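Next up, some structures in C-alpha cells.
Heads up, the next two complexes both have subunit A, just with different partners, subunit B and then subunit C.
Showing the complex of A and B:
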C-alpha cells in the first residue's frame, strides 16, 4: 500500500507540472491580455483610454514578457507557496480563494449530501420495485432534472419564488446580513437562501446516480447469493441493503472523488445566475478578464482536487470491496 | 491679456444672497451629534457660500436609503454616475451649459489656455479639514499626470497642464495648448479625477512625500508606490474607506470584488443646500448590492428592492416585464433621452491595408450604394419594436447641432439606385454565384467582426445587412467575436469594418466627434487619418484627403477658441463637410430609454439625457433624491 501511494503521489506531481503548463497556455491563447481585455471593456462604456500609459502598465504587470518567462515567474511562486496576485481584484490570489472557499465548500457539501440522500434511496427503490409506478415516476423526474440545464432551473426557481412568495432568492444572504457576523439570525437567513442552489445542483446530478445504482442493483439482485440469503430466511430489506446494494455502490464510490473539483467548477452557471458568493463566478470573471494568476490558480486548484479525488476514490474502493487489490 | 469670468449659468448670481437669508437646517442624526458635541454645528460645516440647489420638483425630507446594484467586480461606472459626480464645474441638467459646482466661478483668458478656478471659502473634506487649492494642485501635479500613473484611463485633458495654487481658494491651470472645450471636459465624467485626492491623506502613498512609500507598497504585495496611490485614492477605486471625500456620501463598506454589498453614509460636510436651506443630501445612506447576474438584478427591481436605477437592467427586452410588474413592485418607469444618435454605425475601413477594399471603401458612391440598399424601416420594425426613425451618423434632433441633410441623406430604401451606382463605378462583372467582381477581378467580400456584449442587437443588425448587401451582389461575412479580439484587430488596423453604437448625439457631439470626421482612436473608418490629428508623430499616421484635413483644421481652431458661439459655427461647418463626405453609415435613431424608480422616491429626473460623458443621472445632483413619507 505504501509503495502504491508513493508511486501515485509521484505521478500526481508530474501530472500537475504538465497541467500547469497546459492551463497557463490555454489562458494565454485568446488574443490580447488582461490589459487589452480591460481596455476593450472601458471602450464599451465610452471611457477615454490613455494609450501612451498602457505600455508602461504592461511592463509593470510583466505582460510584455514572453510566455515562458511569465510562466516561470508564476510557477516558481506557486511552488514556493505564493499563488500570485490577481490583476483585477488587486489582492493576493490566496486571499481571494481563502475568502470564498468556505462558502463554496459549504454549498457544495450540502448539495452533495442532499443529492445522495435523495438519489441513493430512490435508486434502490427503483431497482427493487422495477417497473412499478414509483420507479417510473423516479425515472421521469430524474430525467427531467437531468434534461433541464441548471441555469434554467435556477432561473425558474427564482421566477417562481418571486411570483408565488414575492421573495428574491438571489445571493446567500439578505442585505442586512451580508456583512454581519455569524449569529442565529444569519444562519437562518443563510438557510433561507441556500436551499435554492442546493436544490438546483442536486437535481442536476440525481438522475445519473439513480440510473447507475438502479442498473447495478438489478444485476446484483438476480445473483445466486441473493437467492441463497433469501432461502436462509434473511429479512428482505436487511438482505438488500447489506449485500447487493453494497456491491452496486462500487461505481458510485469510484467516482466520489470527482466530486471534489466540483467545489469550484460544477456550479459555475448556477452560481452566476443565483449570484452566489462562491468561487465559480470568480473563475468565470477571471477567465473573461484574462486575469492570469487568479484564473491559473483556480484551474490549478481544480486539477489538484481532481487528482486528490481520484486517489481518494481508489483508496475508498479498495476498502469497500475486498476483491479489489492494489498492485 | 484680458481675463474674463465665464458666466456659468444663473446659479452664480444666486449664491450668497439666498443662502444667507435663512439659518441652515440639517439631518436629525447630524443635529443629535452636534448636540452631543461630536460634530461642529452645520454653519461651520458648510462653506460660507454653499451651492444652492433648486430641487427638480420639491423640497425633500431627511432619511432613508437608496438601494441599487452593481454588476461584478469592476462596475465602477455606476459609482461614477451617482455618488461620484461632483466636479469643479458641472453640466446643466439639459446638457446645454456648464455651471459652477465645487468651484464658485472660473476665469478664462481669451485664447482658452489659462483657467482660474475660485473655490468656496470654508469648504471642508468629510474629515472636517479644509479643502483648498493645494489639494487640487497635488492631485493634478503629483497624481494624475505622473508617468507612473497606474490606471488605464485618467483625465487626459489635464496632461501637460500646470496647476498652481495661487492661494488657498484660487487654482490656476495653464494648458500647454489652447483648449476651448476645457470646461466642458472638466464637467464631464472625467472631470472628477482631481477632486478625489486629499493631499494630506493621499501623499502618504507618494514617494515624493513619503520615502518609505515604495517599500510599504511592496510589502503589501503591490508592484510599487504608484499602485498603492492608485488603489487608495483614484477615481477608479472604491476600496479605501479611510479616504476623506467631498462627495455627498462617504464609503463605509468597500467595493473590492469580494464583498457582496457596497455601502455609503452621509457626509456631514457636504457643500450643497436646497433652496429652503436644508443641507443635502436628504438620504442617509446608499446600499449597492454586488451581483454577478443581471437576471438577479432584474428580479430585485421587480420585487421593489431597488429604489432608483437604470444601469444594466433597463433594456428594451426587459421593458414589458418591468411595465407588468409596476403595481406589485411599487415602482414606476421614468423616461430618459438617449444621447446616442444611432442604434448602430457601420464603419468601413477607408485606411485598409487591403488595396482592393481600400479603393472601394474610398469611393463615395460605393458607400452611398451600401446605405441605399438598407431597408432601415424593416430593421426598426424587426429589432427595435418599431421605435426610432432612419438616421445617419448625425447629432440628434434635440441637439443644437442638428443637421437635417447629414441626418437623413441616403436613408431611403432604394436598391435600384444602389445597383445603378455600383454599375456606374464599373463594378459590373459577376461571378458564378452572382456576386459582383471588384477591380482586381475578385468577388467583393469583406468581413465584419461583431461583438454582442455592448448591444445585443449588433449581430442581428449585421445579419440583416448581409442579406441587403447580398442583394447588391456584395458579400458581408459576419463573425461573432469576443470584444477584446475585435478591439485588438482594430487597434492594429487589420479590420475591414466595424459596427458600434452612435456615440456623440447630444452635448458629447463636440467632445467626441469620432463619426463626424477622423478625430480619435474610435474613428476606425480612418484610424490612420485620425492619428494625424491626435498622434501626428506616429509612424503609421497618414495625411488625410483635403476635405478631412479641413475638418481637422476647423476642429483645431475650435479648440483654440474660448468663445462658445464661434465654436458652434465651426462645428456646424465640420458637420456640413461630413454630409458631403458621408464616411460612415448609420441605421436608426435610438428610442427613449427608461429607468426604474420606487413610487416613494422624490425628485426623480424626467427625460434626462442619458450618456457616459454626461454620467446620467449624476448631473441632476443625486443628493436631492429622497424618500417621500407616508
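Showing the complex of A and C:
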C-alpha cells in the first residue's frame, strides 16, 4: 500500500510538472500580455498611463524575457509557495484563491450532497420499477435537467423568485453580511442564498447520475445472484439494497474523485449569472484579461485537484470492491 | 381417513397441479408452462428433463414463485411441511404456494428454510462483492435466531459438509477467488443452511466440466441421503437423469409429455421426443460418421501443423494492496502434429491449459519457448508462435477460430451479413458485388436460410448463432480451424447437430481441425486422434478409439469415468462404494 501510494505520488509530481508547462504556454499563446492589454484599454478610455509604473512591473515580472525565463520565474515562485501577483485584482494570487476557496468548496460540497441525495433514491426506484409512472416521471425530469443549461435554470430561478416572492437571488450574502464575521445571522443569510446555486448545480448533475444508476442497476437486477437472494427468503427491498445496488454503485463511486476539480471549473456561467463569490467566475476573468499568474495558479489547482481526485477514487474503489483489491 | 394397506407410499411433499406460468411479451404472452402436474415424494429425486425452452426451469422456479417478469396464472402447488419418508400423507394442512403473495412473509418463510434452490450459473449466482461466508451467514440468520458467531460456526460446518478444504479460511473468500465447482458447493451449503425438506436444483452442473459435474452430483446425492431431502433436479442431459433420478418427467413446449420411474422411461420411452433426448446423450458414447469422407492426406504426409516444446507461464502480480508475484504454468513442453485433413481433439478439465494452447496458436498469447510450424497453402513454413508469426495478416485467412460462447462471439450491432462478410472484406477475397452471394452460400452451408442476412444476432437461438459463427470461420476457405469448446454452451440435441454439421463441412472441404473440449465424449465423436491435457502437460496422445477403450494414463480414465452414461444401469452413484470422492 505504502509503495503503491509513493509510486502514485511520484507520478503525480511528474504529471504536474508537465501540466504546468502546458498551461503556462497556453496562457501565453495570445499575442501581448496583461500590461499591453491593460494599456490599450486605458488608452481607449482616455486614462493616463503611468509609464514608469508599467516599466517597473515589466521588469519585476520579466514580461519582456523569453518564455522559458518567465516560466522559470513563475514556477520557482510557485514551488516556494508564492503563486505570484494578480495584475487585474492587484493582490497576491494566493490571497485571491484563499479568499474564495472555502466558499467554492462549501457550495460545491452542498451541491454534491443534494445531488446524490436526489439521484440515488430516484435512480434505484427508477430501475426497480422500470416503466412505472414514477420511472417515466424521473426520466422526464432527468432529460429536462440534462437539456436545460445551468445558467438558463439560474435565470429562470431568479425570475421566478422575484415574481413570486419579490426576492432577488444572487450572490451568497446580503450586502450587510458580505464582509461581516461569521455569526448565526450570517449563517442564516448564507443558507438563505446558497440554495439557489446548489439547486441549479445539483439538478443538472442529478439527471446524469439517475440515468447511469438506472442503467447499471437494470443490468444487475437480472443477475442470478438476485434470484439466489430471493430463494433464500430475503425481503425484496432489503435484497435489492444489499446486493444489486451495491454492485451498481461501483461505477459511480469510481467517478466521485472527478468531482474535486469541478469546485473550480464546473459552474462558471452559473457563478457569473448568480454573481457568486466563488473561484469559477474568477477563472474566466483571469483568462480574458490575460492575468497570467492568477490563471496559471487556478489551472494548476484544477490539475492538482484532478490528480488527487483520481487517486481518491482509485483508493475508494479498491476499498469497496474486493475484485480490485484482491483480483 | 385410514392408512392404505401394505407398505405406505412415500408422502408427497410437493404436488404441482395444472400449473400455468406466463411471461408478458411485447405482443401477447409466452405460455412457458401450460398445465403441468407433477408430484415429488419425500426423500426421492425427480428429474425434469427437456431442451431449452421446454419450460422445465420455469416450472422449477414457479415452486418458490421466482419467475419475474413472468406470473403464475393458474394451478396449485401444494406443499406438505409434515411429509416424511415412508409414511402416508401427513395429516397437517397442505399449503398452496401459488396462493401466497410472492413478496409476502409467508412465502419468504418457506423459501430457503423449507424449500431451497440452487441455480445454473455458479459464476454469477453469488454476489461478487460479498464473501461466501457473508452470504451463507445471511441465509442462516434469515430463518434461525442465531447471533453472528453461532451463524458463522454453522456456516463453517456447512462448508465442511460440502467438502471444502479448510472451511475456516474459505469462509472469508470472495466468489471470484473460487473455481466454478467450489462456488456451486458454496451455493449448496447456502441451500442446506436450514435443512430444507426439498432442494430444487436448476441445471446445477451445466456450467461445470465433466469431472466437477460428477463430484457435485455425488455430493448432492450423499447430502440428500443424509438429510432425507426430496430433490427436484432440472437438466437437459439424459446422462445426468440416468445417474440421479428415481423418477423422470420429460417436458416439451411447456407440458409434461411423459413421466415415470427412470428405468421404465429409459427402457421403453413412449414418446418420440424422449427417445431423441436419450439418443442425443448416447450419441457421444460412440464415434461419429467421421470416416465417411476420407480426409485428404493421411499418415506419411507432411503435417500441416507441427508443434514442438511449447511452454508458457502467466506471470504477474495479483492484489491491489498486497502484491504477490505469481506464475501459472499454463503450457509445459507441449508437442504434437496435425496431419492435413485430420481432426485432433484436445481434452482436459478447465485450467488444464487447452484454451491457452489455442490462443497461443492464434498468436494471442506469446509463448516462452517452443514453436508451432504451420505449412501454408504455397508450401512455405511459418512459426505461428514466433514474434513475427502473424506479421503477414493473410495467415488469418488460412487459420480460423470458432468460439465457445455463441452469445458473446457475435457483435450485437452488426447484421448477420456484416458479421460473415467481415473476413471477406478484410482479406479482400471477394468482389464487393459478389459478397451477398458468397454470404448466402455460406449460410446455406450451415443450414440457415439466406433471408436471415439482414437480421441481428439477438434474433437467433444459441444453436443458430453457433452456425453463424461457423459460417464466419468458413468464409475465407480456411485450411486449419481451431474450435474452442464449440458445443459446450449448447444442450444435448443441438450439440449433436452442430458436431454433425462440422463433420460434414470438414469431410467436404478437407479441413484440418483442432477441437478443444472438456467432454471426452465430444472429442471421441469428432476426432480421429485426441490429446489429453492436464495442468499444462500433454499426458496422453493417440487414436481416439484406442484411448477411450484402453486409456493408459489414470487421468484419462478419470475423465472417461466422469461422463454420465445415458442408461440407469451405468449409474455409478447408485453404487455406494463409488459414491462421493473420498
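Quick notes on this structure:
The definition used in the following text is that the second predicted complex is superposed on the first by the 306 of 327 C-alpha atoms of A that agree within 3 Å, B and C clash if a C-alpha of one lies under 4 Å from a C-alpha of the other, contacts with A are read in each partner's own complex, and residues count from 1 in each chain.
Keep in mind that, in the parts below, a residue touches a chain if its C-beta (ideal position, glycine included) is under 8 Å from a C-beta of that chain, and two chains touch if they have at least 3 such contacts.
Just so we're clear, the structure is a prediction, and the values are computed from it rather than from any experiment.
When the shared chain is aligned, no partner comes close enough to touch A:110: not subunit B, not subunit C. Legend: residue contacts after superposition of the two complexes on their common chain; A:323 is shown touching subunit C, with no touch to subunit B.
Within the superposed three-chain arrangement, the count of touched residues of subunit A is higher for B, of the candidates subunit B and subunit C.
In the superposed model, A:100 makes contact with subunit B only, not with subunit C.
After overlaying the two complexes on the shared chain, residue contacts for A:170 are found with subunit B alone; subunit C is out of touch. In the superposition on chain A, contact is made by A:246 with subunit C only, not with subunit B. In the superposed model, A:218 lies in contact with neither subunit B nor subunit C.
Across the superposed pair, subunit B and subunit C touch subunit A at no common residue.
The touching residues of subunit A, when paired with subunit C in their complex, are 1, 4, 223-225, 227-236, 243, 246-247, 318, 320-327. Subunit B makes touch with subunit A in their complex at residues 67, 72-74, 77, 147-154, 156, 159, 189-190, 221-224, 226-227, 231, 239, 253, 256-261, 263, 287, 289, 291-293, 295-296, 299-300, 302-303, 305, 328, 453-454, 482-488, 503, 512, 521-522, 535, 611-613. Residues 61, 64, 66, 103, 105, 108-113, 116-117, 119-121, 124-131, 135, 138-139, 142-143, 174, 176-177, 187, 190-191, 318-322 of subunit C are the ones that touch subunit A when the two sit in their complex.
Residues 30-32, 35-51, 53-54, 56-57, 60-61, 85, 88-92, 96, 99-100, 155, 158-159, 162, 166-168, 170-171, 173, 175, 178-179, 271-275, 277, 281, 285, 289-290 of subunit A are the ones that touch subunit B when the two sit in their complex.
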